[in-house]
Amino acid sequence: MDDALILRGARRCSAGKFLAWLAPWAALLGVGGFAILQCLVRGLNQTNMDNRFAFGLWIFLDLTVIALGAGAFFTGFLLYILRREELRAVINSAVVIGFICYSGAILVLMVDVGQPLRAWFTFWHPNVHSMLTEVTFCITCYLTVLAIEYLPILLKNRQLRKIPSFLVFEFELHKVMPVFAAVGAFLSFFHQGSLGGLYGVLRGRPFAFREGISIWPSTFFLFIVSAVATGPAFVLLTTWLVSKLSGKRLVKPEVFELLGRISGWLLVFYVGLKSLDTLVWLNRTAPGVGANPGQFFAAQPFGIWMLFVEIVLFGAAPALIFLSRRGRAGTGWLLAASFLACAGVATNRLVMTIQTLVVPTLKFEPYALYWPSWQEVATFLAVIAYGVILYSLSFRYLRLFPQERELQRG
Amino acid sequence: MENGADRNARYGMVIDLDRCTGCGACAVACAVENNVPPARLQATDRTGLTWMRVYRADNGKAFPDNRTAFIPISCQHCGHHPPCVAVCPQNAVDVDPETGVVSQIPERCLGCRYCMVACPFHARYFNWFDPTWPKGMEAALNPDVSVRMRGVVEKCNLCHSRWQAAKAKAAAAGRRVIDPADYVPACVEACPEKAIAFGDLADPASDVTGLARSADAFRLLEELGTEPKMCFRSKREWVRRLGDTDVARPESEGSRG
Amino acid sequence: MFPGIYGFAWDAGHIIFLGVFYTVVAVVVTTLVRAAVRARADVKAGRIEELRWHAAFAELPSSSRRCRHELSGEVADRACENRFDCRDCAAHAEFVAKRSAAVRALPGGQTVAGFELPAGRLYHRGHTWVAEAPGGTLWVGLDDLGAHLVGAPDELDLPPVGARLAGNGTAWRVRKNGISIRVLAPVDGEVVAVGGPDLGWYLRILPDGGEPDVRNLLSAAEARPWLLREVERMQIALADEAVGAALADGGAPVEDLSKVISPRELDEVCGMVFLEP
């Protein structure tokens, strides 16, 4: 029915089946949309955030999707700047996922703030000393860059490319892609870092506060490294997932092998850096302001076990798997390692967002816990649904995986 | 002694915790003065607006050695790199050089709540609900203080409107410097025990200066280095320890917020 | 954000931060605008066909981009790096110089895997042929494989007399079974006459300049290994997925392949054969 929109030679399921696939996600989007509307109309009392937990599930979601979406800029950097041509096989998919991650994050942010219509104030009266200002500027610019990178993929659609001006514009745009890849890498470096800097500069929260280099706390660098380390792993994971769901082979095994190797080395670097930072923080930085590090882990489930899980199980273990030849040879191992790495980045963001607020700062206030309300969860799921729908449409009508066609036969 | 017109003031308080009975009159007076809306039915103790909030702490010992103290906490008006000022993306926190008061600009606030995460004293409160006043209560609103809207952060500003009024009064009398007796924040005025001493910490003649320097004066979280202008004092050692950054608490569950 | 707005100060923080921001915005905007301006210039300069071929060639699978010299056995493995435009390809000139007399003397006019490859014609990778016509013009037609693939077209969209063709641009369009097929032009030139499948030729072209540059076209001898390869690729593409690649041993090609394969398969094979991804 929609064959005219599908690329030549691409095998796609029937339009009916496709709609049946989209339907539950659309329903989830609807429910989430209703939750968002409730929050916008009635106010943020619809969430379970409060004065103790000013940041909640949504900020955790934002940090995590932006960290995972780092695969987009890093793959682009590796392909266009470092010329690793094998990654051409996954760059389109990575760009679409990056676009989904960042647009979803901004959507959630617009619901999370008390006055979304004042979002432009940050641009009009920027506080250049605030990490959040830096984040706002950077992710807005980067979303624009991602949209520009998405454009040529879109313009290559079977029907759109017939329009001469679109065809020619796509050709010219593709010629200057390295410029956008470089700008994207530059912007991403800074905002991934600033997201870490958000917490590292909190002098009032010894749990989060870190020393660093000049104005940049160590979390600035740790967030960058963890994002670039797990970016390739997330690309691997999503490619495998799409391959499984569509029942098609989309990339050659060498691509997975390369992504695994890159992730592996960066993860090793990250685990080393993070371990060093943790030791400095617990033995010097926190005691330096009189805080008692033992108190940081006094409330379950945020005990010291979580620190070990984050660094060892979700950090060192996938690094070792990625770096071992046997680990890279088997798709099962690669997947497990990718999943662990992504879980690691999610755990790290969770700890920074929630545990910072669980730990009291005053001797006479209690430890507190937080559970998101259904509106928060529904909004979270709506973002995922939006991502699935946009990706499904892109996969069906655009060439996300250049190697798919030659892998179709034998 | 009159402070010269060219010298900036540093308004602060010294709260005597041995006198505080935890009655909460300061909190109520603050709410009335500053047009804080009454809490909704759905509000919890963590979603209310309490610019001045009285905490309760005890020494963790069992009866008969158990002792309690009440600590009224509002914005500590940090004097050195206030954590909230540095982090606000919109420059919605203004530090008045003339008075040292750290005030929130609700019209510019985006409601991102980063300042709330940054403040170690939990002195900042978010409008989780639309402010509404029961019918008739709007007659009690203070015309000198603007009301805030939903989705913005607000906090103590040392009754800046009263300072403005004191300045206007001084100007009307042809003076450039206010009469200290004219500028008294609502909480100070309301306390039945007179536990809160308020004044200009930069003025050697003011009461607070001497009190702040006394041996049993302390500040909350001094080790963080934010130089709060709100001091506390107590003859009890365990109360003075309540300002420590080390949040380890005594074995028994005696503390609650 | 700008001087004069509350909170702005001419200090290092502001200058560095806003300086970087405005630089990034400037870079992004100027790059985007330049691409758009160049695109408009390309359209105005009539480079649409040329760029369409550029884009299409880049997207062809590697099996469609084999160099003619690999197909004729002169080199083991070589992908075309010049979009099948051998006229300005330095490597092609070298290969031609090195070509042995034996290769040059190979006869044409044979039947390859059931498809005819008449001598006296030059063949384009997009399955068209050219032959000399009186008055310095050239006949252009669809080769035997292409004709068997398309059969009797449902619709034929030939260029009008006087239209200009660009080499590797669009020559004519065919519609069959709902599939739209774009046939590539083998040479640059002006259309002086139009024909059709029943006439045996589709177009008569007056090439630019006196002597037409046909270095990008294959002679019948060279076209032999190429056509063999094309037939093989077609068979693999049409093979049953369960069976995989199978070797056809004998038989004659069906008159109208489009009658026996599904529209989706026809679409896929036509894209492969006529070099349109």
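As written, the chains take the letters A, B and C, and residue 1 is the first residue of each chain.
FYI, contacts are C-beta pairs under 8 Å (C-beta built on N, C-alpha and C of every residue); 3 or more make two chains touch, one makes a residue touch a chain.
Here the structure is a predicted model, which is why all the values come from computation and not from measurement.
Each chain gets a centre from its C-alpha atoms; the one nearest the centre of all protein C-alpha atoms is A. Using CA-based centroids throughout, the chain positioned farthest away from subunit C is B. Work out the mean CA point of subunit A and of subunit B, and you get 40 Å between them. In whole angstrom, the spacing between the mean C-alpha positions of subunit B and subunit C is 77.
Within subunit B, contacts with two or more other chains are made by residues 91. Taken residue by residue, subunit A touches two or more other chains at 124-127, 129, 133, whereas all remaining positions touch fewer.
Residue positions of subunit C touching 2 or more other chains, listed in rising order: 6-7. Touching subunit C in their complex are the following residues of subunit A: 3, 7-9, 123-129, 133-134, 137, 141, 144-145, 148, 156, 161, 164-165, 167-173, 175-176, 179-180, 183, 186-187, 399, 402, 405-406, 409-410. On the side of subunit C, the complex with subunit A involves touching residues 1, 5-7, 13-14, 16-18, 21, 24-25, 27-28, 31-32, 34-36, 38-40, 42-43, 47-48, 51-52, 54-55, 59, 61-63, 236-237, 239, 241, 244-245, 263-264, 267-268, 271-272, 276-277. Residues 40, 42-44, 46-48, 55-57, 71, 81, 83, 86-92, 108-114, 116-122, 124-130, 149-153, 220-221, 223-226, 241-249, 255-257 of subunit B are the ones touching subunit A in the complex.
Residues 43-45, 49-55, 112-115, 118-119, 121-122, 124-127, 129-133, 136, 198, 201-206, 289-292, 294-295, 356-357, 359-366, 368 of subunit A are the ones touching subunit B in the complex.
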